[in-house]
Amino acid sequence: MKFGILVNEGPFTHQASDSAYRFVLAALEKGHEIYRVFFYHDGVNNANKLSEPQSDDRDLVKLWSALGTEREIDLVVCVAAALRRGVKDDILAEGFRISGLGQLIEAGVESDRLVVFGD
Amino acid sequence: MLHIVNKSPFERNGLKSCLRLAKPGSAILLIEDAAVAAVAGSAPAKDIAARMGDFSFYVLGPDIDARGLGDKELVDGIKVVDYGGFVDLTVEQDTCQSWL
Amino acid sequence: MDDFDEFDGDGPEVVKRFMYVNRRAPYGTVYALECLETILIAAAFEQDVSVVFMDDGVYQLKKDQDTAAIGMKNFSPTYRALEGYEVEKLYVEKESLEERGLTAEDLVVPVKVLNSAELQEIMAAQDVVLSS
Amino acid sequence: MLHIVNKSPFERNGLKSCLRLAKPGSAILLIEDAAVAAVAGSAPAKDIAARMGDFSFYVLGPDIDARGLGDKELVDGIKVVDYGGFVDLTVEQDTCQSWL
Amino acid sequence: MDDFDEFDGDGPEVVKRFMYVNRRAPYGTVYALECLETILIAAAFEQDVSVVFMDDGVYQLKKDQDTAAIGMKNFSPTYRALEGYEVEKLYVEKESLEERGLTAEDLVVPVKVLNSAELQEIMAAQDVVLSS
Amino acid sequence: MKFGILVNEGPFTHQASDSAYRFVLAALEKGHEIYRVFFYHDGVNNANKLSEPQSDDRDLVKLWSALGTEREIDLVVCVAAALRRGVKDDILAEGFRISGLGQLIEAGVESDRLVVFGD
């Protein structure tokens, strides 16, 4: 089955990004396809490569990045939300791309299920 | 329909609104801070127990354990799932709605 | 509201029922504004769009918003523009309005006021439900 | 003590907890989404009216106006202040506590 | 917890009563963890520190937290370290515990359980109240 | 009177930063002193100079920056919270400085009032 995932909150402040990440891992493990993960609202902060958590903490930006590059998951950061919050190409972590809200709608259309994680 | 509730009903109105708007027959999954509602005896737990005939209730085990509630008695009839079980629920149900 | 450019114009062939659920007051958080931005984009995709305002989300539609003193932009007139985008299914939950002492006359656009039992049916018939 | 409440009591428990923990004689100021509680007639408004003898209640006018509630009748006895009045309240009271 | 270096060691001369109010469950948001970081720093400033756990904040102190499956660090043992920093005034609201079916035996550290009337008095006597 | 201000949330997502900014303006207008504004939790995102809101929206990073530079208000971003969230010197807006949580405690000690704005 094809999943679209919407992440509305940044790393650390809310569990949303963690939950979405765990959900994606579990879905992949079960052989499902992740059509796209779309980062909206503060979710765009998941793509800030300057993020440097304490060494004994999970590093969500790196975890998502690795999913994007190693598992070829399409990680899309909303351009409008990202501009407002200062997430630009200069600081964009590997594996993410910046695009429009249309990519969220498309994920809703093309996926069998859209699952939303937020605050 | 799978309804996903992620906020503690002691703090916010998400579960209350979900219980009002979910169509009987739906599944309701408690994740993140909402997991605390699954522990038997509290007011939100009673709200859940009262609707056990209308909905299938689930709670995400990892979130219960994280909050130290793994040893507590849960509301009778609520099923504990892991992330894989969460995925299965979204597959079994035709749509999902998050009550943020 | 500046990303129409990446929409290729052909439109996807599938038409799905998309529902946007608004449960938060405006200005206290950005969700109302950014959800509105999503709805405007969604309209261009020729999907079957409906928008629900319930709980504190009903305040998003309150007439006479005046944001001058908080220094934020009053975006409530944009709800009136939704009709032009063929987003015409605006539902407001009756219980939420009443709990807040509001009526349909207080709102900036004509909406369909439904009780929770009616709204239940409409929600249950959706393909994609977005909330924020 | 000045207690500052910023969340809608329809959505969250901040006002309820504040009313339970604030010492009678304190001032309570509603700002941001909490401003909606100042409109007369609702359940939270009744909670406020019931404690009018214990506390001095204030609401931030700019936040009422932003939400289009400037024309609504407010709870009897609640005083409307602007940001300058907010500053004055923090000066008049010896400490302030935000119920986030 | 890595910013002790900028504390000059002399300490400020004024001693104020600082209270930290915790009203949120752990893990769902970062506030519990980051508030704990603040308390550890505050301890070094030789202020009169007290910490309140009420509403969902009482879950922060629940014994037997096991975060392995959510992939986050279990920081609850750090509450036990507070005593070593001379942060000894830990207050838990009785009503909040009871509402959640918890007792003082469920908690990871010894605390003073107070009813809301008692807590009211202590809160009212503070100079600085921090919440998050 | 001397005020310390704590801002717990970033720009846009919550009104906290707006409310704090309006409060500070009003306090200055009344002749009070702002001892320090401390940015904690997601509040550190107020210092991201890459932030670029739509032209008809307020620009909170610029507004705070201007207060810091023109009115000489001490704007301190918490280093621990900022590292975690990827707010570093490379993207730090003018007028802000990065320092430790001790600066928050100090603001509590040295100010006559500490006012907290958050979610």
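The letters A, B, C, D, E and F name the chains in turn, as written, and every chain counts its residues from 1.
Rule of thumb we're sticking to: a contact is a pair of C-beta atoms (placed from the backbone, for glycine too) under 8 Å apart; a residue touches a chain by one contact, two chains touch by 3 or more.
What you are looking at is a predicted structure, and each value in this text was computed from that prediction instead of being measured.
K.L.:
Can you give me the shortest step count from subunit C to subunit D, moving only between touching chains?
P.N.:
1
K.L.:
Could you tell me which chains make contact with subunit D and subunit F both?
P.N.:
Chains in contact with subunit D as well as subunit F: C, E.
K.L.:
Would you say A-B or B-E is joined by more C-beta pairs in contact?
P.N.:
More C-beta contacts join the chains of B-E.
K.L.:
On C-alpha atoms alone, could you tell me the rotation angle mapping subunit A onto subunit F? Nearest 5 degrees is fine.
P.N.:
180
K.L.:
Among the chains here, which has the CA centroid at the largest distance from subunit E's centroid?
P.N.:
If we average the C-alpha coordinates per chain, C ends up farthest from subunit E.
K.L.:
Using only Cα atoms to place each chain's centre, name the chain farthest from subunit A.
P.N.:
D
K.L.:
When the centre of a chain is set as the mean of its C-alpha atoms, what distance in Å lies between subunit B and subunit F?
P.N.:
Chain centres of subunit B and subunit F, defined by C-alpha means, are spaced 38 Å apart.
K.L.:
Using mean CA coordinates as chain centres, what's the gap between subunit D and subunit E in Å?
P.N.:
26
K.L.:
Would you please write down the residue numbers of subunit B that are in contact with two or more other chains?
P.N.:
Answer for subunit B, listing residues that touch two or more other chains: 6, 10-11, 13, 32-33, 62, 82-83, 95-98, 100.
K.L.:
Quick one: which residues in subunit C touch 2 or more of the other chains?
P.N.:
Only 2, 23, 27-30, 55, 70, 72, 127-129, 131-132 qualify.
K.L.:
Which residue numbers or ranges of subunit A touch two or more of the other chains?
P.N.:
Residues 8, 12-13, 15, 19, 22, 41, 54, 57, 80, 114, 116, 118.
K.L.:
Give the pairs of chains that touch; include all such pairs.
P.N.:
A-B, A-C, A-E, A-F, B-C, B-D, B-E, C-D, C-F, D-E, D-F, E-F
K.L.:
Report the residues of subunit C in contact with subunit A in the complex, numbered from low to high.
P.N.:
On the subunit C side, the touching residues are 1-7, 12, 14, 16, 18, 30-31, 34, 37-38, 41-42, 44-45, 47, 127-132.
K.L.:
Contact residues on subunit F for subunit D in the complex?
P.N.:
Touch residues, subunit F against subunit D: 1, 3, 8, 15-16, 19, 22-23, 25-27, 29-30, 32, 113-119.
K.L.:
Looking at the complex, which residues from subunit F come into contact with subunit A?
P.N.:
Checking each residue of subunit F against subunit A gives 10-13, 41-42, 45, 48-54, 57, 61, 80, 83-88, 90-91.
K.L.:
Where on subunit E does subunit A make contact in their complex?
P.N.:
Residue list for subunit E touching subunit A: 2, 27-30, 70-73.
K.L.:
Could you please specify the touching residues of subunit C with respect to subunit D in the complex?
P.N.:
Residue list for subunit C touching subunit D: 23-29, 55-56, 59, 62-70, 72, 74, 76, 99-101, 106.
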